[in-house]
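Structure, as structure tokens:
When the chains are written out, they are named A, B and C in that same order, and each has its own residue count from 1.
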Amino acid sequence: MKDDERRTPRTMPLQSATFSNPINAEIRRAAATGIYDIRGGGAKRRVPHFDDLLFLGASVSRYPLEGYREKCDTSVTLGTRFAKKPIKLDIPITIAGMSFGALSAQAKEALGRGASEAGTSTTTGDGGMTAEERGHSKTLVYQYLPSRYGMNPDDLRRADAIEIVVGQGAKPGGGGMLLGQKISDRVAEMRTLPKGIDQRSACRHPDWTGPDDLEIKILELREITGWQVPIYVKVGGTRPYYDVALAVKAGADVVVLDGMQGGTAATQDVFIENVGLPTLACLRPAVRALQDLGVHREVQLIVSGGIRTGADVAKALALGADAVSIGTAAMIALGDNDPKYEDEYNALGTTAGAYDDWHEGRDPAGITTQDPELAARLDPVEAGRRLRNYLKVMTLEAQTIARACGHNHLHNLEPEDLCALTMEAAAMAQIPLAGTDWYPGKPGAGY
Amino acid sequence: MCGIVGLFLKDKSLEPQLGAMLTDMLITMTDRGPDSAGIAIYGAGQGGRAKMTVQSAQPDNDFATLAEDLSAVLGTSASVRAVDTHAVIDLPADKAESARAALAELRPGLRVMSDGERIEIFKEVGLPKDVAARFSLSAMSGSHGIGHTRMATESAVTTQGAHPFSTGADQCLVHNGSLSNHNSLRRKLRAAGMRIESENDTEVGAAYLSWRMREGATLGEALESSIDDLDGFFTFVVGTKDGFGVVRDPIACKPAVMAETDQYVAFGSEYRALVNLPGIDSARVWEPEPATVYFWSH
Amino acid sequence: MQTIDLATQPLRELNATLQSQAAQTNATEWEVLNPRGAHAIAVGLDAPIDVTVRGSTGYYCGGMNKQANIHVTGSAGPGVAENMMSGTVVIDGDASQYAGATGRGGLLVIKGNASSRCGISMKGIDIVVQGNIGHMSAFMGQAGNLVVCGDAGDALGDSLYEARLFVRGSVKSLGADCIEKEMRSEHLEILRDLLARAGVDAQPEEFRRYGSARKLYNFDIDNAAAY
């Protein structure tokens, strides 16, 4: 008799946890194309995050502020250390650097409109400053990057602040490669590149290396701009204690610290998922560096990488940041990855919410593209209003939490307002595990 | 991340001014390294005798009866010259190694900075001008010397982390840059019996050169092989009993400028450090090439 | 001739004074004394004035210059004329690394040697070096002309985009994607003009031209070793 006639039980087909379907698909894709996967969207793996922290509201031992009556201030001033003209923002949520080139002109305009209406700043990105962007952003931070695309002293002096980009959370230590599809005539001209070629980005600045040189570079930028505007230094999260301390020693007014969930486009997937620190793990060492140097709150700290809600804002501030920055969240507010374009996402082999090929320039939402027809889908006025609404909601959410913790300013949130849900988050944020007064690594706790 | 200065005198008549010249160069490099400063100076030596520079956090207690205590243990005559937090112990050369062991017993808080026939090292936390004043660096004389101002990168701002580092008799090294394979190299060198006391990357660079020389390499050969074996960014200036060397990594991002006249060879991280040297306007001024060893000796 | 002495006047005063000169200024000739290797001398200028720096400078002398003619009688430290837009910077002595980095216009003349990374990421600037240049020069150069009357070091023109490189002497090695190219009449004209403007006594015919092989313009796995 044959086996099946005996009805012998069979093993279930079992997928390997190591060679999972997504891994196998990536092996097949690499074998077929010969190029590593390039994408945006930041780390997709789950890492300990602000979700793993909870606030301890007030009750008897502490008293909350009355939600809709008692004031809870949200303003922040950036660049108080050396700049003659620090930046005053109504809310501690800024828009991260995203270039014209990576984004359509309509998307850049929408970011400027939404941020200005909400009382905050936008940031240029790799590729220079456009007139539209300067025109629509009340407060504009000009990025100074290794590529120096479009860099010129006139735009430098038109900026409200300068951000020297040393690294990004998605790829600390790496340069990038923007494939040729998005190098349109205008983008090519701004970057002094031939149209349609891959743009290779250097990982180090062309004319300085290390903090001792950076100090001299900052001096030059201040001399060119008359010591008027703040100078930020942006680093990817890797060794935040040392990197923040060295940025301070080199003379930064503001340090921007970008964790691994930061959504920089045109980055190798292997880099995004395997290099850098989760945003949550960056904060305490960074703040400790500022405290050790006696400049916490004098040199402001902006944290970015995976900020989505007012709760995230409140948690970042409670851990010691002065402000946060959003990129991916702002794009989603504008309309990126909207399910209304599901058919078109399917045609691109993906689905709404998972689309991360921002560098390919075929974004159905008209945001990460230079295709005139696609870009025309985005109404900058309406998208700007969506961004403004979203920023206002995040602010209201953060205020709600701060009031519940008894604070009349978001900046008065403290680590002691928090508890941690997991051992990992407790260890990384140095916040006691919920219901205890202990976290792993706490001095004197034994282990 | 730092400022480096170095001066190798060819003209003996300048030797009494070595300390003054180096101190001026050192202070000029304050911007590059405000955290700590140090200098290695090669003064007069005496055949058969060794000088051991030690540092203490409690110099008054530690140095008071050090000469007597050490002489008693070693069964020889050792003398002690205290200079602020440092002291220079003079003793027979063949007692240097046993003196280290004796000091560890007698004065566990002492740190040995250097030993050798001619080298003395002085380094402390603080602004270069303050460090120079504490040790009266400008009054020192010698044939060559190396100075360093430090902006600490990943290790602590402590005396121990300050440069120069000495890991062999009469040898010292200062560094601008950051080594990226120092952790594994430290483990390897320690396994080979090298004494490495800090977590500082530069000390590993110094110990690497000492190790190569212990294995029979000349300083020139050790510097040549450092180009292959050390990973990261470095400009090194090194001193030996009668020599002075410079090497930069193949990428050579960290700045370096040199000047040579009939009277001296000078090194600075920036030209600013050299501007007060005699005859600088007519000196040969150049940048050391990447991955190229430069060496002078008496 | 108006004089600013850095031995007695601070850098901020020097730059603020020079930066405030308008296009129609009468004070067109300036002299800077005692630079002594100081950084960021005469940066961010934007007027057709002549500035003579008597001595040697530190980092970023003439940085982001527009319109001004800056003359350094000594040597220049790292990043001289970085991101220059227009105007002229002339160095009588040597220049350290990154000379003319990311420059977008204007003319940089170095009468001595230039160190490594001369013309790195150049974006339209013209650079004439009478002596030799160091390694990684014109790395990722995008546009403009680099003229070298002496020899070039290792990895000349690595990852070059569209900058033109002219070398009279030897080239120690070419960088990835950089090749020798035919010197045509239009290149000889460009070169003749640059040599004349730089005041160099050399014949265009003595030079060889190097440029991008354009093999890295669009990714190909068979060129992966060049990345």
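Note that in this section a contact is a pair of C-beta atoms (placed from the backbone, for glycine too) under 8 Å apart; a residue touches a chain by one contact, two chains touch by 3 or more.
These numbers were taken from a predicted model, which means no experiment stands behind them.
Chemist: Count the C-beta contact pairs for B-C and for A-B, then tell me which is higher.
Modeler: Pair with the higher count of C-beta contacts: B-C.
Chemist: Kindly work out which chain lies most centrally, taking the average of its C-alpha atoms as its position.
Modeler: Going by the distance between chain centres and the overall C-alpha centre, it is A.
Chemist: Between chain B and chain C, what distance separates the C-alpha centroids? Give it in angstrom.
Modeler: Distance between chain centres, rounded to whole Å: 37 Å.
Chemist: Go ahead and note the Å separation of the Cα centroids belonging to chain A and chain B.
Modeler: For chain A versus chain B, the centre distance works out to 44 Å.
Chemist: Going by the touch rule set out above, which residues of chain B reach two or more other chains?
Modeler: Residues 253, 255.
Chemist: Where does chain A touch two or more other chains at once, residue-wise?
Modeler: In chain A, residues 213, 216 touch at least two other chains, as defined above.
Chemist: Could you tell me which residues belong to chain C and also touch two or more other chains?
Modeler: Residues 58-59, 78.
Chemist: For the complex, give me every residue of chain C touching chain A.
Modeler: Of all residues in chain C, those touching chain A are 11-12, 15-16, 19, 39-40, 43-44, 46, 58-60, 63-64, 66, 78-79, 82-83, 85, 98, 101-102, 104, 117, 120-121, 123-124, 139-140, 142-143, 159, 161-162, 216-219, 221, 224, 227.
Chemist: Could you list, by residue number, the parts of chain B that touch chain A in their complex?
Modeler: Listed in rising order, the residues of chain B that touch chain A are 1-3, 31-34, 151, 153-154, 176-178, 233, 253-255, 269.
Chemist: Applying the document's contact rule, which stretches of chain B touch chain C when the two form their complex?
Modeler: Going through chain B, the ones touching chain C are 252-253, 255, 257, 270-275, 285-287, 289-290.
Chemist: What residues on chain A touch chain B, complex-wise?
Modeler: My answer: residues 204, 209-213, 215-216, 239, 242, 246, 249.
Chemist: Would you tell me which residues of chain A are touching chain C in their complex?
Modeler: Residues of chain A touching chain C: 33-35, 147-148, 151-153, 156-157, 177, 179-180, 191-194, 197-198, 200, 202, 206-208, 213, 216-217, 219-220, 223-227.
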